[in-house]
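In what follows, structures are represented as structure tokens.
Next, two complexes with chain A in common: one pairs it with chain B, the other with chain C.
Our next item is the complex of A and B:
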């Protein structure tokens, strides 16, 4: 019970924080806040398939861009914004289903390669289908929601997304995904419907990315292929790993670290990404469960030292934090 | 038609050289070496800056290959070696290394493309109705020579036998007293040399830039899946198949979507033959 209260409190708190950041900051800082919030929403989805399920999904930027482009194209046909947004999310979820159907035959590294290739092809389409997507320079997005409504939706999506993720994570669905991550053959053997669970996780993950893309398009007013390359997919993968894959707040921490490093540090071209690469490798080697995992392991050790015994029951709390 | 096929074979040789480097590393260490793109980029830049400094092209090319080998071995010693017991962390480390290497190139040489000049730039071979530029012919020759050399190394020397043993069964190889660390470093060394060869051979046909190897690397990974894991000849055959498919697709359908045809091939292989075209029984692909 306490775990639920903490999780929901965290979700509401982050929602409020997102709203304050989006309304309080302007200019370049506002852009950074927008990216952090949008990435948090997208990464909450990625946290299902990659965090809980352990599948390295590099198609996330394609789903993200798909939502942004599809909603922009649908808005141009005169549909009301909400319908366009829902159709865009549904369309991307259908694409996610196809990707999952094809690539859930592959495991681990092959899944990464296949989904990376999917993103590369999606970027090719964004760049070359110029009559719909505006070509390499991108296209404007018509204003469907007012700016205030977009900000409220962004902030609310963070909270709702985190609450939904927490619910999924403690449900049987979350347990099944964790079983797949631990040992897929064994999971299948003891009766987990692995392919169905993977499909569902992938489709939900694509939906969250698409919704983040829709809101990104609305707030940003313009979308371009360079925002949705497989380099972006890498960075999303890196962000989730840095924050703490499978942890409730991993997406928020990861988005803040990655966006903060790439957007705020002006060390010249490339340097922030080198720092990011080194940081990511170090975290992978030293704290395989990400920054949050490292922090909670440290806290556990401090607490154990204070009480004088290794308290194993705190592990349950650690998984939520 | 035959012109299209020749172009496809050119692409195929390029893919094969890169893919053999990937498949060797995967075979002995089970690492999807995304950082290979960074190795290729750095050796291309080394060649470019050496020849811009006035070195003759052959020496500059050797410097590039040496740089590729060095960087590749460094990635193994500094990063991959530490996750040998945790294969799940391999994609993460590989992506981190790729970020580092590409952005080191960006930092050192800037983002704009450079063109690499070779002594055989202006040569144009003609045979019947087919023409092949000297640069592309050189790539085909280099690819064939280096793959033959690799074949001889793997089949005729004790080092090669040890490497094949490691690829087949790591634990058994270790029990039989094969020095594992040397084999890991050797696999990365060979992959780095092949990456350097690919870089100097194809940089003149495109341009030298930090992102020059991205699409080639994607295609090479498709080749690795096509050819089955850890199989060198599978990678060669897969490379040629993929090269011809991409060549045909870009000639008759749309050049802008060249690598998308490789993706379609990958999807159809995964749906129809999940084990790859020429699957090895050593490891499970899917």
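Our next item is the complex of A and C:
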């Protein structure tokens, strides 16, 4: 019960924070706030397949871009915005299903390579299908929602997304994904329909990315292929790991850190990548469960030190005979 | 009454090698079958085919008249066939209770015991809230069996469950398997090299050699079978 209250509190709090950031900041700072919020929404989806399920999905930027482009194209056909948005999300979810069907037999780095390949192909389409996508320089996005409505939707999506993730995480679906992450073969042998669970996670993940893409296009007014490259997919992968894969607030923390560093650290060409690279290595070494995992491990140690005894069960001492 | 588990002429090839080469047997509810044979004789592969880990190259496995083989591990579990592994695997840092809850969640209406009762049966009642990795290796082997039982199986496949156990631990394990077979009516297939453990436990014994059945019968018959003594058991 307490966990639900904390999670819902976090969802509402971050939703309000997103609204305040989007309405309070302008110019470059506003752009950073937009990207952090949009990435948070996309990463909440990634947190299912990658965070809970342990599958390094490098197709996420392609799904994100797919939502942005597809909704822009559909909007041009005269469809109402909400219909265009829903069709775009559904279309990307179908693409996610195909990607999952093709690559769900691969694991670990092979899944990463396969999904990376998908993103590379998607970027080629975004760049070269110039009639629809505007080519390398991108295309304008017609205004479907007013700016105010888009801001409200962005903020609300953060809250609703977090609440949905929490629900999924504590449900059987979440347990099954964690089992797949821990030991997929064993999971199958206790009856988890692993293929079906992975497909569902991947499709939901793609849907969240697509919805983030739709709102990004609406707010930004223009979409370009450089925003949806393999590099972006990789940064999303890194952001979730940095923030805390599988943890409710991992997406928000990861998005803030990665977007913040890439956008604010304009120290010169390449410098932000170097800082980000060093940071990622440090977090991997010192806090393999991400910033949030590191913080909670630290809190546990402080508490253990206060009560004067190490947490034996966690450290695996004193085995049962 | 026809048998619960019917294995019909199962063949499993890996490339040109027939790891299992035409094995047939039947097993009734509540019966314990001991599966023995030299290393490489195909025992684990046969368990794998029964549990859906491997698809058979030919032949089939039916449970209560319904085909249970060749449809993947999770469908074998849904049909009511669960297995353990030679190496211990328990979802890493999960506690035993969490792992049992997951397995229990996949039971879907099949009858079975509550998780605590399963843990108590195997002497793991005090270990429920420990991470699997913190248990002794003997306790981890028992925990794998608990996990398999939590799925509510009708057929339980145990792959060398007594490895690394001393005589007392093995006897306790044998008693637990007997109870599961007797009280839940689970049919059990046990692979093991420890004859002191296996022979008293098994109702029937199947001896494999080079992928095929060398002999089958009661433990007493097997002990005195000359072909089995020559190829596997050795002279006393």
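To be clear about the criterion, the second predicted complex is superposed on the first by the 309 of 321 C-alpha atoms of A that agree within 3 Å, B and C clash if a C-alpha of one lies under 4 Å from a C-alpha of the other, contacts with A are read in each partner's own complex, and residues count from 1 in each chain.
In this section, a contact is a pair of C-beta atoms (placed from the backbone, for glycine too) under 8 Å apart; a residue touches a chain by one contact, two chains touch by 3 or more.
In this text, all values refer to a predicted model and were calculated from it rather than measured experimentally.
Of the two partner chains placed by the overlay, only chain B lies in contact with A:118; chain C stays clear of it. When both complexes are overlaid on chain A, the residue A:284 reaches chain B alone and has no touch with chain C.
By the touch criterion stated above, A:252 is placed in contact with neither chain B nor chain C.
By the touch criterion defined above, A:37 lies against neither chain B nor chain C after alignment on the C-alpha atoms of chain A. Put simply, more of the residues of chain A are touched by B, taking chain B and chain C as the two choices.
Contacts of A:172 after superposition: chain C is touched, whereas chain B is not reached. Contacts of A:89 after superposition: neither chain B nor chain C is touched.
In the superposed model, A:194 makes contact with chain C only, not with chain B. Within the superposed three-chain model, A:141 lies out of touch with both chain B and chain C [touch as defined at top]. Once chain A of one complex is fitted onto chain A of the other, the partner contacts of A:107 are limited to chain B, with no touch recorded for chain C.
For chain C in complex with chain A, the touching residues are 51-53, 72-74, 77-78, 82-83, 85, 89-94, 98-99, 101-103, 105-108, 124, 126-127, 129-131, 133-136, 138-139, 147-148, 150-151.
Chain A contributes residues 172, 175-176, 179, 182-183, 185-194, 313-314, 316-321 to its touches with chain C in the complex. The touching residues of chain B, when paired with chain A in their complex, are 30, 32, 79, 82-83, 86-93, 95-100, 102-104, 106-107, 110-111, 210, 214-215, 218, 221-222, 224-225, 254, 256-257, 259-260, 262-263, 266-267, 270-271, 274, 284-286.
Looking at the complex, you find that chain A touches chain B at residues 54, 56, 102-103, 105-110, 112-114, 116-118, 120-121, 124-125, 127-128, 230, 234, 237-238, 241, 268-271, 273-274, 276-278, 280-281, 284-285, 288.
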